[in-house]
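Some structures are shown below for you to check.
First subunit A sits with subunit B, and in the next complex the same chain sits with subunit C.
Coming up: the complex of A and B.
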């Protein structure tokens, strides 16, 4: 235990800002997960691996001399088609089945992706340099890498675009209709098969954006996907499905929680504390549900 | 009845097949000495696994083409059976069993990483199979009393204590303040123990002692503390991801420390991935091409570097060099033992005292090499942004002068 974070107020400010910027990025991944969970009732364990794959696309652009920031445009386009391909090959066979089967199927996809990425890109840890420099605040007591600010900004931009698209476009309305009641939507002429494919594609595209941002701000590695899956799973559980402000808030909350856990408990417990929080939230939710059920009786 | 006959003939066929395969793979066949190795060709250690394999292969080709191994007046050639351990300790232990009990291998080469060596060592020890390993530096390997394990590399606790000594020397012999960030794995924690010893020995003080997780990709919290405490030395060890993350965030957060010491810089291709941002970082290394050790097979480090680059298309990291050295040790031991008796070869290995292009090799009781110091190099860049690793310590091998303290970010 180390309470240095409370002794120096500037460290708290630093932790909060770092956490919020990080949380916005998590929220973007979680929003993709919430979307396809809500529409297709599928929990995608391979979410983190799609993120890492998106990161590799930006990394390869960087290797070929293109600025990795362009990855936030190229990566989602490629990942959209990757998502549709995964849907056509695997997901459409499990979409109406029970949740357990879809978890198993996406778990399988996750392992396959990890091994394929390891095979294709090698086991080295890699990163893409953006050379964006640093912003100093409060007499240089708080430092924010511009790459983190950039990634938060891009995440917000994509989230806003997505919300508008969902509200205004035909496909967006079809997706929302399918999420509310797939059978009714089908009867009213919505091609649910197409909607499912598009949803999975959009989710993969969001992962692609997030991955490109992660390759700019952190590092990527074929086996680093799982922590991102867990984080987005948690954010979605806290926020609920189809609740974008909720996802954003709980994403930022998680980011700040992680940063403070890092300072107080030590970096080694950072991911551990996320898991612990997940268990606590699940227990709490169950407790709340059981009370509700009793009330209904 | 018919089915019974079928089963019997099937089993007997299988038995015959198995027994012949054992005979055909036994330790020394005709003029071949067959060594066994489980190597990480896939999984998270695959890049370093491939370096290890390339190092082994390079040495096998070189020794075979330069006359092979002479035992009992006859000339033998090396051959290696490889299996892929998938970077998985359990699999590595199974494969060691298989190499020894099914393939009949009587001499082993080590895998990549301390963790996998730890998994294999009990197996080779059980069967009394001498193993020369080149990529397991964890101190705990050498305190278990293994009799058949020999490591050509310096143990992990010696990786970074040189850096603390160097900082104290620069501070006119007075103790320094040290910030430490180490990953929680066997190797990095051993490096940490070495640093702690050095801190105690020199009367220095540790001000930060952070442990990094396996999924490390963000160490901003540690660095904020470093900014606050202003230590004289920052020591980081967390494999390649530790080195890459540290440099990225130190440069982004403009963290000023007089000395920054790390491990795994060349595996992380630090100067290539980070360019000028990695400048002034001190890195612990088992080997560097400019060291002036010599042997008859690879001549010296520079020649090894050139030959390896020609054959495999990339400059050899120290993981490849130490792997090549392992075969030189085996050759030397076979010739001195003048026999293929495992016990005699083991005793010959224990009595090894030789120089290779990689360094002097002499084993202590526990099996670690005690005759080869670690070197520290510093990343130095010219104005054009081209960076190179130059040895700065120990002084005997130094090809450049240490730049200390590191200039602050505002002046770069």
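Coming up: the complex of A and C.
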């Protein structure tokens, strides 16, 4: 336990800003999860592994001498096709089935990806160095790497583009219609199979962007996927499906929570505290809902 | 008296005799057979919620890991200072005499069974109120959180692991394998008797009612929450025992790779139960046996690729084989399962296709 964070207010400011910038990234991943959950009613445990895979694409560009920031454009394109391939091979067989089947099937995909990445890229913690330098704030008491600011900016840009695309384009409207009522959409001539594939692809592409940004700002490692899945799941259940401002807010909240947990409890409990928070949120939600049910009586 | 000797009891006696003779028939596979027993216990107890109650839990690993740590800690802590033991990394400064070892193991196993049961009872009310996928993800989080947190606690070895007491020198070299085999086989028999006993009572019917429609079951006047918690506590009891044995068998406890190994053991137990057939008595047993033989027999061929194979296996089983071996047999030979199939009805169904 370390309470330095309360004695020196500047550390709190640092943690808050770090957390908010981190949280914007989480929100982007969570938006992808909310999309596929809402449209296909699937909880994708492999979400975090898609993020890490996207990160490795950017890392490889960095290894071959291309600036990793270009990964933000290349990684989603590759990941879009990876997502469609996963959909065609596995997901389209579990879409209409029991939710637990989809959880278990994506769990299998997650293990598969984790191990393949372990073979292909090795078990080292890697980082694609962007050389963006740092920004000093408040009399250089608060240090923010420019890469974090860059990643938050790009995340917001992608989120805005996606929202506009969902509102305006034909495919976006088809996706929203399928989310509302898949059967009715089918009757009215929407090719739901195509919509599902596109949704999964878009989700994977979002993961690709987030992964590329994570490889620039933080570090990536083949086994780091599951925490990202859990974080995005948590953000979605707090915010609710199809509530983008809520997703952004709860993403930032989670980021700040994590930074403070890191300072107060120590880094070794960081992931543990995320998972524990998930359990607490679910339990809180259960008691809240059960109270509501009693009112209905 | 003659009625007692029916087909079933001959089968059970045969299996019992085989189980007792197994370590002498296959002396090289004693450790594997013990692990098989533990796996069967885990799959069978997972089936109590997953199969019969419809609550698909990834969190039984919590009780397994808890049992593992508790058994080893009690076994060491009864005679030696625990903190110094873990700090020395299990070096030969402290040696258990045979009497101390077995005493510690006995007390340790009791603690390893009782404490997870209590824990299940305490958290049951909050966790089992969740439904469907929320329950699945919540229990997954619970297992991983337990692993991450126990990896940060100094007294049980933190990140560097915990060496369980080595088996004392009691004469022959085979005694370690035999001891652990008979211990795990005993727990397996105990589990089987308990589960079989449960499955022939009203309790099982209530669990099935919860699985089929919980709200209706509640409306019929069943206190579903009570039965759900009791079901989970039964699982926790045997998971804790299995964990305690496994800790002694492996000889080394690591927080995320051995004890709270949600990625491996936590998924294995679900997979074994599904492979054999959820919601049947024999399904998890068959599933665990097939899975273990496959895993140990083919792992060497996939050297290094075993987890890739595991991922593919999960996807294939879940997508193409969700009913499991028992479900497939049931489809094929419905008469053997006591189902009466109307011949005309079956024909009519075929025509519809």
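We adopt the following convention: the second predicted complex is superposed on the first by the 296 of 297 C-alpha atoms of A that agree within 3 Å, B and C clash if a C-alpha of one lies under 4 Å from a C-alpha of the other, contacts with A are read in each partner's own complex, and residues count from 1 in each chain.
The definition used in the following text is that contacts are C-beta pairs under 8 Å (C-beta built on N, C-alpha and C of every residue); 3 or more make two chains touch, one makes a residue touch a chain.
Remember, predicted model here, so these are calculated numbers, not experimental data.
In the superposition on chain A, A:290 contacts subunit C only, with no contact to subunit B.
When both complexes are overlaid on chain A, the residue A:259 reaches subunit B alone and has no touch with subunit C. In the superposition on chain A, A:100 contacts subunit C only, with no contact to subunit B.
In the superposition on chain A, contact of A:134 is made with subunit B only, not with subunit C.
By the touch criterion defined above, A:116 lies against subunit C but remains apart from subunit B after alignment on the C-alpha atoms of chain A. Touch criterion met: A:230 reaches subunit C, while subunit B stays clear of it. After overlaying the two complexes on the shared chain, residue contacts for A:245 are found with neither subunit B nor subunit C. In the superposed model, A:271 makes contact with both subunit B and subunit C.
In the superposition on chain A, contact of A:9 is made with neither subunit B nor subunit C. In the superposition on chain A, the residues of subunit A contacting both subunit B and subunit C are 115, 119, 226, 266, 268-269, 271-272. Considering their complex, residues 43, 90, 93-94, 97, 99-101, 103-105, 107-116, 119, 226, 230, 233, 237, 266, 268-269, 271-272, 275-276, 278-279, 282-283, 285-287, 290 of subunit A touch subunit C.
On the side of subunit A, the complex with subunit B involves touching residues 4, 8, 11, 14-15, 18, 22, 115, 118-119, 122-127, 129, 134, 136, 140, 143, 145, 147, 218-219, 221-224, 226-227, 259, 262-263, 266-272.
Residues 56, 126-127, 129-130, 132-134, 136-138, 140-142, 144-145, 147-149, 151-152, 158-159, 263, 267, 270-271, 274, 304-305, 307-308, 310-315, 318-319, 322 of subunit C touch subunit A in their complex.
Against subunit A, the residues of subunit B that register as touching in their complex are 42-47, 87, 181, 184, 210-213, 215-222, 224-225, 227-228, 239-241, 244-245, 248-249, 252-254, 268-269, 273-275, 277.
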